[in-house]
Amino acid sequence: MLLLQNLSNALILACTYILMAAGLTMVYGVLKVLHIAHASVYTVGAFVGVLVFSWLGNFWLALAIAMLVSGIFGVLIYRSTYFYLLNAPRTVPLIASVGMFVMFTDLLQKPFLMGAYQRAFPAGGAGLSAIKTALFSFTAKQVLILLVTLILLVLVYIILTRTKLGLSWQAASMDREMASAVGINLNRSIAANFFLGSALAGAAGVLVGVYNNSVFATMGDLPSYKAFIIIVLGGMGSLPGAILASLILAIVENFLVASVGYVLPRDSIAFLVLILMLMFRPNGLLGRE
Amino acid sequence: MSQLEIRSVSHWFGGLQALRDVTFSTSDEILGLIGPNGAGKTTLFNVISGFIVPTRGEVLLNGKAIHRLRADQTIRLGLARTFQIVKPFATLTVEENVLAGLGTPYYPKAEALYKIYRTRENLEKIEQMLEKVHLSEYRFSPAAKLPIGLQRRLEIARALATHPKVLLLDEPAAGLVAQEAEELADLIRDLHSQGIHIILIEHNMRFAMNLCQRIVVLAQGEIIAEGVPAEIQNNEKVINAYLGQE
Amino acid sequence: MKRTLSVLFFALIILSFIVAGCAPQPTPAPAPEQPAQTEAPQVTEAPQATETPAAPEAPQATEAPAEEPAAPSGEPIKIGFFSPTTGFAAADGTSALQSAQLAVKIINERGGVLGRPLELVFYDDAAKPDQASAIARKLIEQDKVVAAISGSYSGATRAAAPIFQEAGIPMLAAYAIHPEITKTGDMIFRIGTLATTQGRVGAELVGNVMNLKKVAILTIDNDFGISLTEGFKQHAQEIGLEIVLEEKYPLGETEFRPIIGKIKASGAEVVYATGYYNEAANLVSQARDEGLEIPIIGQEGYDSPKFIELAGEAAEGVIITTDLNRDSERPMTRLFLEQYESTYGEKADMVGASAFDAVMVIAYAINTAGSTDPQAIAKAILELKNFEDVASGPFWYYTPEREVVRPISSQIVRGGAFHLYHEFTDEALVKP
Amino acid sequence: MSSGYLLTILIFTAMYISLALSLNILTGFAGQVSLGHAAFLGIGAYTSAILTARYEYPFWLAFLAAIIITGIIGTFLGLPSLRVRHDFLVLATMGINFVVVSIFKYVDFFGGAMGLVNIPAPTLFGITFRGGVPYLLLTAGYAAFTLLICWYLSKTWSGLAFQTIRNDEDAAASLGVNPARYKIYAFGISAALAGGVGSLYAHFLGSVFPDNFVFVESIGIMSMVIFGGIGTLRGPIIGAILLRLIPEWLRFIQDYRFTFYGALLVLMMLFQPMGLLGNESWLWRQLTRLFRATSKVKEEVQG
């Protein structure tokens, strides 16, 4: 009874993780950059979502516009920085990314943007209804998270495996030079990758904002590192791996807290799992050799 | 005086067998290791130099088993090597690259933490070595700025600085023009005459045939032929192996 | 087009930065959005308008004359102020700063202090101790402040306190609750109620007001939560409460469902949950979602209109202990709540009230002492009695340990607003 | 001029110079990118704080203990570097930072969230170093000591060995450098030096809290190293000085200084990825050219 309820809650928590990490794992797969500013895209998505929602009152429209804006924002980030740093040592784009994250978080916190305070995102379940069974219940919000996550994942799966674009990303993730040698327009391909990955980050921001009913400028602090734990656990760049890692992490965190309580904060537990796995299975759960 | 024995060495990468029961021995000569792509030549080098522990079999240097030693241990027995894809220390100067080779005896000791490496004595040694490989004029340039051919020579100089008894050269002539290859061959002969036992992997047939005293041919992880260059040139198995690849 | 795009991009950012820089700095124009969702009947009764000046009946209130105050003139009297207006703690830092600025404005409208205008010298410390210690020196040496207020968290406040102590400048910690802060020395005072005291009041509320017995305690993993729980458990033992579950959770936690399951299984009749409004909003919403209907008791960390905004319906019925009685008819409380909302377009919170009161206390002390001598100011604060000119008052008196003694109220959320639930005036209980 | 304020800024700048130099041993010399350096600062601070405030050991003993204990713990925390490289190591060190901070916070021995307070001011030879000039001398002295260690280390065989594993671990191993041994050396030395700063930090502030050592601090230290010029000795020093002082100069824009700071990092990486004074940086080339020109002129004059 309690077990199933815990499991269903963990599933939704996993969905929020999947959303945070899915875009990042795509971007990492192709660019191999520790894109910490991804968390800024997530925050921008949530912010745009809550703005549009408060103007128009329509959640789905808010979600779509938020994804569009964060997609464009992501491409701008790519074109303005990473584009020039592809061949630099790994620390260079990393520090640039940190710089962007610091800058955007600080700017977003200003009164003319998000301000210092948290904002409610009262979209509720966006018209969906709760599921109540004898064994467990999903609130309307949880149904919303689950549904949107599934839809987005199916969409991404189709794009990744059934379109030329998806195949070009796969090629680029194996070997960028080879990919361009076989006639892939690398720039367009990476920009499209960033657009989709960032749109997913925006969707994550919106959904987590709705789920916790709060949107604020520093909300990106959590995904700035949590999303990395997940994509490493999953084997960097592997989407199925990230999904599996999200599920495992959510279940471990949830059950550890439910059984023994907070020995350490959930994020530290996640990092411990990460370190142990790096020591004993350095390529991730589903990583390639 | 050195003798290297490879005894029934087999190695698997996952399900893929890279070496099958390879056995041969070599002492004080210029030995060529040839074979088509994917024959397992570099894997064998990695086994000998301690980068890979073979799944089965053993490697003996002067009668001492070395196949369980790490790379940084085999070098101290006098087994130096170069790499097929050159690995110069890109941010260091040519001089520093070679100096790094002089440190071999110090690295495992606590002395390394306080002994200064840039001594007059060491710098003189470096000067001689750079002259030997004709790199003196590049002494102070960063290794990354050298053209590939010079980087290969730099790697040889770096390996020589460790005072090796056996020198493993992985495709030393790759990417060199004829003139450069000729100079390289002279250098190798010269090293051999100074008592260094040389084993080299080579893709360039003519280069190998001219230089080597004996040749071992690998194909698909197995030794298919062994002998002096003249024998190998006319060995049917060898011809087939190369033709099959083409 | 070598890097033109990137330059363009950053030019855009710098531009927005310049545009923003031109805007009057920390005080935003009243937010353009309509205050639609904030229901009007927030103020329950007593249309006590802003026009009423100071509290006339207060026995020892400021000498602020009831009639026309003369405009302050002369050299301004400087008070130092630091709070985090950037970084993760920006929400609290901004509330504190805005409230302190409001207090200064009100004081200057009433003729200032000793006939001179009051000036707030502000620096952002980003809630970092290294910044706070440098700022403390800057305030003392460069700005020559006569007193200072920390509108920051415990770590930063604790780092600044010894510097003020050594320089002999009084410092008031607005809402930082680490018990060690005031132990630094005789120049360091506190406005907020010590967390252990508030924890005791929490236990009293549960055991003797609500008459419940089985408690589950949730402790947020910082000095605030730990001190609260310590006080709560101490008094709980005295009055015979049964603690059926005790859990610690991290600051910023958003997922309380696993713990809620444990609370349900524990047979608790009430939850005493320490934390701040964002954790609390998630906690109560998730508790109600998961069907946990027992009362949830919070503290001043919840005391922000944001709590009600974020938790929505789930906030209904939540009871907190706090220094700020929003139903109070005391003029200064009304003045603060109303002016804050009309000036900043947001409703005031507890953190703001503490910073506001800190300015009020210093202004009073300077007036009473009749000088800006730091020693005299400190002495005047210690001797203050039944002080009414504060939002979270009245301040009965300061203990020799420089902690304030005053009634503590508990508030319940009803109809989307905090209302008085019970007032604790037993001196033995509310004295630290 | 407010001397105490300036001194406080300088004292922290000196501490961050030592921190940046110590991280530079690990990241600049040995090539192990770590985003967990604040953990070592924290371990040093806690060691010293516990020994003096709780067990009443004298400062100098606690200071030495902070260096040694942090060095030992750093050696162990460096173990992941033997298994993982590059981005994975970055994340592992980030994780170490989180775990160390949460241990400070959740284990009562370390004072938990209440932190450790009443850490006495250092006394050495009967002199009490409370704030001001004496403390600046102490921290500047330590910065000089760190610089000396770094400089000397870069001249030794181990310094050369660090350079080789940063460039290519296989090639290093082929010369007899055991990469594992040298990574552990780098972690140990780097951590020990950071631990000393931790002790100075704790005794200066008089109190330590777990939140003083969070991951964001590690990013700050790494930014200093890279901003100034990674792998050189001058780089981390200049980086620490500028990145500590720029936000103070920028106080006039108060709330916007982190926007500026972030933008500065990005622009730096875009246009001067080797850092302000890195070996290949524009400024360093100009300076060396200038230097060469003047020395040539001198030669001519003398000749």
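In order of appearance the chains are A, B, C and D, and numbering begins at 1 in each one.
Heads up, the rule we're going with is that contacts are C-beta pairs under 8 Å (C-beta built on N, C-alpha and C of every residue); 3 or more make two chains touch, one makes a residue touch a chain.
Being a predicted model, the structure only gives us computed values, none of them experimental.
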item	value
Co-neighbours of chain D and chain B - touch as defined	none
Reference chain A; chain at largest CA-centroid distance	B
For chain A paired with chain B, centre-to-centre distance based on mean C-alpha positions, whole Å	48
Centroid distance [mean C-alpha coordinates] between chain C and chain A, Å	35
Rounded Å distance, chain B centre to chain C centre (Cα mean)	73
Chain A residues counted as touching two or more neighbouring chains	81, 84, 103, 106-107, 110, 262, 265, 267
For chain D, residues contacting two or more additional chains	102, 105-106, 255-256, 258-259, 263, 266, 270
Which pairs of chains touch, using the document's own definition	A-C, A-D, B-D, C-D
Chain D residues touching chain C - in the complex, by the definition given at the top	1-5, 7-9, 12, 102, 105-106, 112-115, 117-118, 131, 204-207, 209, 211-212, 248, 251, 253-260, 263, 266-267, 270-271
Residues of chain C touching chain A in the complex	3, 5-6, 8-10, 13, 16-17, 19-20, 23, 26, 28, 33, 85-88, 90-91, 93-94, 221, 247-250, 252-255, 257-259, 261-262, 264-265, 278, 281-282, 285, 289-290, 306, 309-312, 346
Residues on chain A engaged by chain C in the complex (per definition of touch)	2, 5-6, 9, 13, 54, 76, 79-81, 83-84, 103, 106-107, 109-112, 115-118, 120, 122, 139, 212-214, 216-218, 221-222, 253-255, 257-258, 261-262, 265-267
Complex contact set, residues of chain A against chain D	32, 34, 81, 84-85, 88-96, 98-107, 110, 225, 228-229, 232, 236, 262-265, 267-268, 271-272, 274-275, 278-279, 282
Residues of chain D touching chain A in the complex	27, 33, 79-80, 83-84, 86-88, 90-92, 94-96, 98-99, 101-103, 105-106, 215, 219, 222-223, 226-227, 230, 255-256, 258-259, 261-266, 268-270, 273
